[in-house]
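Two complexes come next, and they have one chain in common, subunit A, joined by subunit B in the first and subunit C in the second.
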Partner chain A sequence: MEKLEIIMKEQGGKHIGIIRVQGDLDIKGSDILLEKMMKLGDEGNTHILVDLGKVKFIGSSGLGVLISTLQNLRKRNGTLKLLHLQDGVMEKFKITKLIREFEVYGSEEDALRSFNSPQ
Partner chain B sequence: MVKGQELSNTIIINSRIEEIGRVLDCVKTYMERKGYIGVKYRRLIGASYEAIANAIIHGNRKDEGKRVVVTYLDAEDQFQVRVRDEGEGFDLSSVRDPRLPENITKSYGRGIFIIRKFVDGLSFNDKGNEITLTIKK
Partner chain C sequence: MEAKIENLSEELLMAYEELNLFYDLSHSISSPLDFENTIDLILNKALDIIEADKAAIMVLDELEDHMRIMRGWKSGHWISADPSYKMNIEGTILSRAIQAKKGLIVNDITECPKGISPLIATTSLLCVPLHTKNKITGVLTLGDRKGKGFTSKDLKFSSVLSGQAALVIENTRLLEAYFEKIRLEKELEIARDIQRKLQPPPPRNFQGYDIAALSIPCIQIGGDYYDFIPLTNDRWGIVVGDVVGHGVGAALLMATVRSALHILSKDTSRISDIFHRINHMLIHDLGGEKCLMTLFYGILELRNRRLTFSNAGHDYPFVLRSSPSTLEFLESTGTVMGMFDNPVYDQSELQLHPGDIIFLYTDGAVEARGASGEQFGREKLYHLVQRNRYLTAKSLIDKISNEVVAFSGSRLMDDDLMLAVVKVSN
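Here is the complex of A and B:
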């Protein structure tokens, strides 16, 4: 992974942690992402939007980190949504059927607006 | 048997996750030089990543003293990547479908499934410590 940036935004009274990932979500990258998401969760942020627009490769470890975090956030009435999936990344979500588990958005505005609705 | 063998190259690495990228860069460089581009070659690299990661993590249990041997073979009608570890071997029949409701939310168990979906052929040696991934050209 080359870069990971976290921005906090408020939407509909909720604090949304936007994580922008740049580079591969390989094993190392997935570990870094998991660490950051856990930190956000520990700080009480249960709504996360992960922007994968600059991720060309995601391995099974990356998929695992995202689904396990989604599960953990759901237990706390939170959620994890995905933004800007590249073709190669989308393909992995589709063949593993994980696409059914996540809300995926093509624009940040739509993604943020979706947090207005009750989870 | 592989028909019309043209080239075979072997790379040996220690069981360190950081080594995966180095191996795949070698394979990618070769592919690009030969003009092997497109979705199926990208998928083969993705499948090879999973295979090498499995060899390091599950096969050799991250024991840096153990080696992983990666061989790529460029033949007339196919391209193969073989990955061998020093572990006890893997039973392909033990792999569960990660798409099933009881498995879908698990954080593990997708590597072999992705490999299977991304290549034309997948086989193990008898011991189960060498996987061969094949794509047709």
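Here is the complex of A and C:
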């Protein structure tokens, strides 16, 4: 992974943690992502949007981190949504059938607006 | 004149003591395993020549501002290392010596703002950092010099001793790290050997089929695996799995799933039931994001050439049909294992014909990276299998693995590589 950036935005009275990932979500990158998401969670954030627009590769470790975080957030009435999936990454989500677990958006505006509805 | 002679004799005596010290140390360090003797010798020299009541070698702990006593002498008794005892040195004279990177003398301990442990000194203290090439690893302390305070000559001699102690400690640490590395490598080799035995070459008595498989872990052991399980004379289980990550954790998980699959497949013939039970085991016995795995399991009826399978999120194996030469994908019938409580795992059936080829692989094959970071890709794999379809199963596997390794070039493979081929004979 080359870069990971976290921005907080307000949407419909909710704090949304937007994580922009750049580079591969391999074993090492996934560990970094997990650490950042756990930190966000520890700070009380339950709504996360992960922007994978600059991720060309996601390994099973990356999928594991995203799905387990989604499950943990759901238990706290929160959620994790995905933004800008590139073809290779989308293919991985389809092969593993994990795509149906996530809400995936093509634009940040739509993704943020979706947090308005009750989760 | 007399004073000059006295000074000269003192310097001569000091030089003699230094020479004597190096001589004794060179004998003591003849074996790297004499570490404790050498440390004792250094402390003994300090005690004898400087005539202190206490001496200790203390090392910095991983926890900042804390030190542990490695070995010490206090009023006629040795103090051995106590792993549970850590001394907070924040703001003490020891911390000041480390920060200043030079030896310090305090001849009236009451002047120390934070005091010092009575283990180290009660009246006067001399403290010299242990320098290695790049860092300070600890301190040599001398406490309560008999009769008088410490002098600059004591400090000079102690610096020689601390230099030797630092060297011995660093060399021993490096040696221990080296031995630990050798030990871990041996253990990994044992684990690798076990894993190799868990993936024997495919059976040869597979009547009417030509079979080959290959597994190359990217590090010593990995989480990819294939298996051919004899169920009856006419039915064989064909397995390909990929556990998240690499190394010992992934290999242990793989071995657990393999055992479960062997036992369960003798119990029940419904693959979707087997998958539910393995998924349950992964979630309830293990759990967490490190338990994700993909698994393909097919039961091949040899005579009928029928394949029944379930695919839990594994990279689609495919069948290259003989006529017409088309690809048919054995798509996922459910999601990955180890993540969801009650996933749906369906099963599908497929009729095979003479000349058909089943090709199974893990993602390491298609996600291998080329020189500029591009992936090998599924299309390239499909194309290669189609172009080399008339090779034997073994030659086909070798051809594909050579292509993947050549594509990766001098780069180390990032993932395990697993390939398996089942050719239906004509």
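One rule holds for everything that comes next: the second predicted complex is superposed on the first by the 119 of 119 C-alpha atoms of A that agree within 3 Å, B and C clash if a C-alpha of one lies under 4 Å from a C-alpha of the other, contacts with A are read in each partner's own complex, and residues count from 1 in each chain.
By our rule, a contact is a pair of C-beta atoms (placed from the backbone, for glycine too) under 8 Å apart; a residue touches a chain by one contact, two chains touch by 3 or more.
The model shown is predicted, which means the values in this text are computed figures rather than measured ones.
Participant: Look at where subunit B and subunit C land on subunit A after superposing the complexes, then choose clash or fit.
Facilitator: After superposition on subunit A, which the two structures share, subunit B runs into subunit C.
Participant: Of the partners subunit B and subunit C, which touch A:88 in the superposed model: first, second, both, neither?
Facilitator: both
Participant: Scan A:114 for contacts with subunit B and subunit C and give back first, second, both or neither.
Facilitator: Neither partner.
Participant: Quick check for you: in the superposed arrangement, does A:97 touch first (subunit B), second (subunit C), both or neither?
Facilitator: both
Participant: Per the contact definition in the header, classify A:64: touching subunit B only (first), subunit C only (second), both, or neither.
Facilitator: The answer is both, since A:64 touches subunit B and subunit C.
Participant: Is A:26 in contact with subunit B, with subunit C, with both, or with neither (first, second, both, neither)?
Facilitator: After superposition on chain A, A:26 lies in contact with both partners, subunit B and subunit C.
Participant: Identify the overlap between the subunit B-contacting and the subunit C-contacting residues of subunit A.
Facilitator: In subunit A, positions 26-27, 57, 59-61, 63-65, 67-68, 71, 88, 95-98, 101 sit in both the subunit B and subunit C interfaces.
Participant: Would you pull the subunit B residues touching subunit A in the complex into a rising list?
Facilitator: 17-18, 20-21, 42, 46, 49-50, 53, 98-99, 104-108, 110-111, 113-114, 117
Participant: Quick one: in the complex, what on subunit C touches subunit A?
Facilitator: 242, 244-246, 288-294, 313-316, 332, 334-336, 339, 363, 367, 375, 414-415
Participant: Contact residues on subunit A for subunit B in the complex?
Facilitator: 26-28, 57, 59-61, 63-65, 67-68, 70-71, 88, 92, 95-98, 100-101
Participant: Under the definition above, what is the set of subunit A residues touching subunit C in their complex?
Facilitator: 26-27, 34, 57, 59-61, 63-65, 67-69, 71, 88, 95-98, 101
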